[in-house]
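Each of the next two complexes has subunit A plus one other chain: subunit B in the first, subunit C in the second.
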Partner chain A sequence: MWGKEERKLFTEVIRSKWFGFSVGLFLLLLILPFFIPRFYVYILALIFVTSLLAMSLNLVVGHGGLFQFHHGVFYGVGAYTVALMLKKTSLPMWTGFIAGPILAAIIGFIIGWFCVRLTRLYFGMLQISLGSLIWAIVFRWYSFTGGDDGIPGIPMPPLLSSLKSSYYFILIILILCLIAMYMILKSPFGNTLQAIRDNPQRCEAVGINVKRYQLIAIVIATFFAGVAGVLFVVLERSVFTELLFWVLSLEIFIMCLLGGWFTFAGPMLGAGIIVALRTFVGIFTEYWTLILGIMLILLIFFLPEGVMGYFQGIFKPRTRETTKGGNR
Partner chain B sequence: MDFSAFSSQFLVGLSRAMILFVVCAGLSFVLGVLRVPNIAHGSLYMIGAFATFSLTKLIPGSAGFWIALIVAPLLVALVSLIAERALFCHLYQREHLMLLLFTFAISLILGDLVKIVWGAEYRSVSAPALLKGSISILGASLPRYNLFLLIIGPLVAMALWLFTNKTKIGKISRAAAVDREMVGVLGINVSWVFASAFVIGCYLAGVGGALVAPIASITLGMGHSLIIEAFLIVTIGGLGNMWGALVGSLIFGLTQSLGVLFWPQFAIVFPYVAVVIVLLLRPKGLLKSVW
Partner chain C sequence: MLQVEAVVKSFDDFKAVNGAYLTVGKGEIVAVIGPNGAGKTTLFNLITGTLKRDKGRIIFKGEDISELPPYEICKKGISRSYQIVNIFPRLTVFRNVQVAVLSQQRKSHQLFQPAKYMVVKETNNILESVGLLNKAHSIAGSLSHGDQKILEIAIALGNEPELLILDEPTAGMSPEETSATMELIKRLAQMRGLTILFCEHDMDIVFSIAKSIMVMHQGRALIQGKPEEVRKNPIVQEAYLGIE
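Entry: the complex of A and B
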């Protein structure tokens, strides 16, 4: 379990300059709920949930190079699974929390199995199609999923009854998932995945089963999206069909773009910016999507590498070249 | 289930398929030439419907609808021309993903602009006097407007065929769909070919919006639900293939309306199931993709 590779990775992490910053941020987030109003605690928790979702998407989009256009479906599946299990069955509450991500990963496997046979845009279009099928079922199955009314008032275990305890639960799960994702990306599997993104033909030629790797990546990413869905239910105690709609999926895409595709933490930054902006702009105007659209155009024109990518480009222009230069 | 119910659902499905075809042919045309799934297509369709609403309010009598049928798509084409020349044409060198996200941004902006101009209420347009009432065909009574759609659909298909096969610009855009570098090498201004293809595609979205106005409630969300259907249709038809869009629209429209006969609550699911079956058998669509 704790072999040489892991030890090496561990010391690498400890020594990196981001480590101190991350630990500091984590400690700050731990004590913050005692000093800020309830509303901000809620917004922070929402940012955590959305961050996890954006990070899971970036596993396949930024690091895997796949056009995962309908990632929101898996988020919704995770959320709906836990919601239905808590509301309609008398199973122990925690089983729903485990079933959500697992069902999301199963759906991810099924949809991914169809999609990986195709490439790029065809992949994306097929995924939108199959994802919309799930949306249509949830939208129409009034007796089971509540249709477009959604499911309000989901009971929570007593441990998660207050906002503060939900906040800590979400934060801890987020940190665990981030560590897991980081280890996945630094593992041989992660390296292979990024190699496939950069040059699928060459990977195919050296004997890598490209499609299998992509499928595994999709399953992992959809699992984490399911976790994000569960955390959403923990925070909101309700689910609605917008979670599975394609507009949300593309919004997550924007978060990844805004933060920076090729960075690890970029999507979290993007999610934070978008959620915070939506909340505070929403106070002043109802035309939030107009602002989001204008922001996206500005981003495409002036900052295609994302905020994080931009700053990395300023501070260390060399590293990018050494990591990506080999495959021109 | 009696025969008249079946034939009435069949004809309604067919007329619904005609509207879908008009919209999807536009989407497919843009996909073929520019290779960008234009997410804003649904919003342009919505603008077409809202513009039809305003024009019929502005011009009294049944003349309003006929004028709107011509003017509203032109307005949509104008909007798309502005978006293309002002912003989109600077992005052709970029990655495809950026182009796609750009069209998403346009759809977000247009969605809110529609909200600012027309508000969030439900609107409806009444069909012109000539097309009111219904007639009976095959033992079923069919609204005259649906009959009108059944005539318009093939007309649009024919016009498109003539355009892409007989006119110079149509031929050039077909060539650009296959090999855009070669078209550029031959000294043709590819940027304008792209612009005209984009505008023509969006014009068709406007036509679809104007056509759907009398038989649907015009709302803010109509573009969002349509674009998914349109994506499915062009995917099962073969990306960029206009006849594929026709086949896909027929499959989609008919499964949806006939599904109502079997399982009303889940009629919306039938077309999606049909799509999944088609894609299982032919992952790249029924007809040959231009890519």
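Entry: the complex of A and C
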């Protein structure tokens, strides 16, 4: 399946100005762990995991126009699945790593199946309710999930025993996921999804089953959230119920808005900013959300398209207007 | 090709469409006229499945389509444009039309092929035939109102319809744009062998291009016939044309 079109797009990607920047950044991230202290390696890895989570949410929020308010649930489901399988079963370890995203996608399908029947805000409300239900189950089911104690000390395969190897594993999975997401967004499906975001009514009129496309988008996004959940376990070796709590979902949502939800890489930038803030401002005050709140207010007033959207606006005007004719 | 029989649609107590009859033959250009609030747009929404009728039947090519959702009706060969501009404002003109062409060719679901190079020829053909090719890479929302209305028609053409429904295609256009658009519609109908159902307020346009005219008044179909018949009909003159 490597036809002429793919090759054409491939050369185009390689020639684009972002490509050089991305490769440079990738190489830098590859060598960084040899030069910086352990703590920063950990923070970087945490940023990668959170980036993937925010990117997966943005598939449905920024590109799909769906108010997926409680996305954290699928992150938690992915994490808990791999944690429980590694801790409580003697199945080969890789099955747990695969089961995480798949179960997240299945739960995503079930919740999504109900939610796509509603629109806009009602979609969001139902999504929060059903998501909170999953949280409540995990929170209460002490004998199985450990309740609010979570599950500490999850065994890892020897290959991922050190922080450095976890870092590289997370980085590589992140990049593979980013490539897959980029391809999906540039595919006919991705284009159709963006058209649905802009005008669902018109999409129905051109023969698109809007609800089915939205449901597929949700399944894809929840799958990637599940991957992020697995990576979280690789990094932390423990899970706790906060992963499924709505506060985290809100944070991811803010990352998308902060970074720029109409851009591809924006949510990663948002994730980086929020994780860094939480870590470094958190050292000085436990009320770091105060800073976050102030930033949000500034954001809404001055950068409605997000940080990335702002810079894109400077470098490349989004609207190319023809000056000749037709502008009455 | 299309038959609307005794269709009724009410919103709460208000009967927007109350006994509409309409026949559209293959290759015809049929106009629906009537004062504001006569139920023309509601009738079109019923035919395209945006609204569900309360009573009556809508038959397209021998099949009852009155229970189908809009996307199924579109796949049967009915496309439409809207009275109020209804496009994808954030996407480029090219992608606006491409969405419809991809859907028509059942390619919308493909996940890992770059869309950028798909159905380019078909999309550009449509843009060329409506005269928007030179603006293919502008953002649709930045076009003038007249061009956006034309883009409406281009999107509808992307589905290669047999029956094209145009809801006031020239609403809000200047007189020059209006006549250019009507010429375009006539030309498209000939080139593509389209059947066209449209509604319009400008009587000169209606009587110049329609082969058959249906008159609606307060949700009812008063009469459908050739332009001369409609013009001479005393009920129509009294209710709508305002001729003594």
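As a convention for this text, the second predicted complex is superposed on the first by the 317 of 328 C-alpha atoms of A that agree within 3 Å, B and C clash if a C-alpha of one lies under 4 Å from a C-alpha of the other, contacts with A are read in each partner's own complex, and residues count from 1 in each chain.
Everything below uses one rule, namely that a contact is a pair of C-beta atoms (placed from the backbone, for glycine too) under 8 Å apart; a residue touches a chain by one contact, two chains touch by 3 or more.
No experiment lies behind these values; they were computed from the predicted model shown.
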For this session: Give one of first, second, both or neither to describe whether A:199 is in contact with subunit B, with subunit C, with both, or with none.
Result: second
For this session: Have a look at where A:117 lands relative to subunit B and subunit C in the superposition and call it first, second, both or neither.
Result: first
For this session: Go through the superposed model and pick first if A:300 touches only subunit B, second if only subunit C, both, or neither.
Result: first
For this session: Report for A:23: first if it touches subunit B alone, second if subunit C alone, otherwise both or neither.
Result: neither
For this session: Classify the contacts of A:128 with the two partner chains as first (subunit B alone), second (subunit C alone), both, or neither.
Result: first
Exercise. Does subunit B (first) or subunit C (second) touch A:9, or do both, or does neither?
Worked result: second
For this session: Spell out the part of subunit A that touches subunit B in their complex, as residue ranges.
Result: 67, 114, 117-118, 120-122, 124-126, 128-130, 132-133, 136-137, 139-142, 245-247, 250, 253-254, 257, 286-287, 289-290, 292-294, 296-297, 300-301, 304
Exercise. For the complex, which residues does subunit B have touching subunit A?
Worked result: 35, 37, 39, 87, 90-91, 94, 96-98, 101-102, 104-109, 111-113, 115-116, 224, 228, 231-232, 234-235, 239, 265-266, 268-269, 272-273, 275-276, 279-280, 283-284
For this session: Write out the stretch or stretches of subunit C touching subunit A in their complex.
Result: 48, 50, 69-71, 74-75, 79-80, 82, 86-91, 95-96, 98-100, 102-104, 107-118, 134-135, 137-139, 141-147, 155-156, 158-159, 174
Exercise. In the complex formed with subunit C, which residues of subunit A make contact?
Worked result: 1, 3-6, 8-9, 183-184, 186-192, 194-195, 198-199, 201-210, 213, 216, 262, 318-322, 326-328
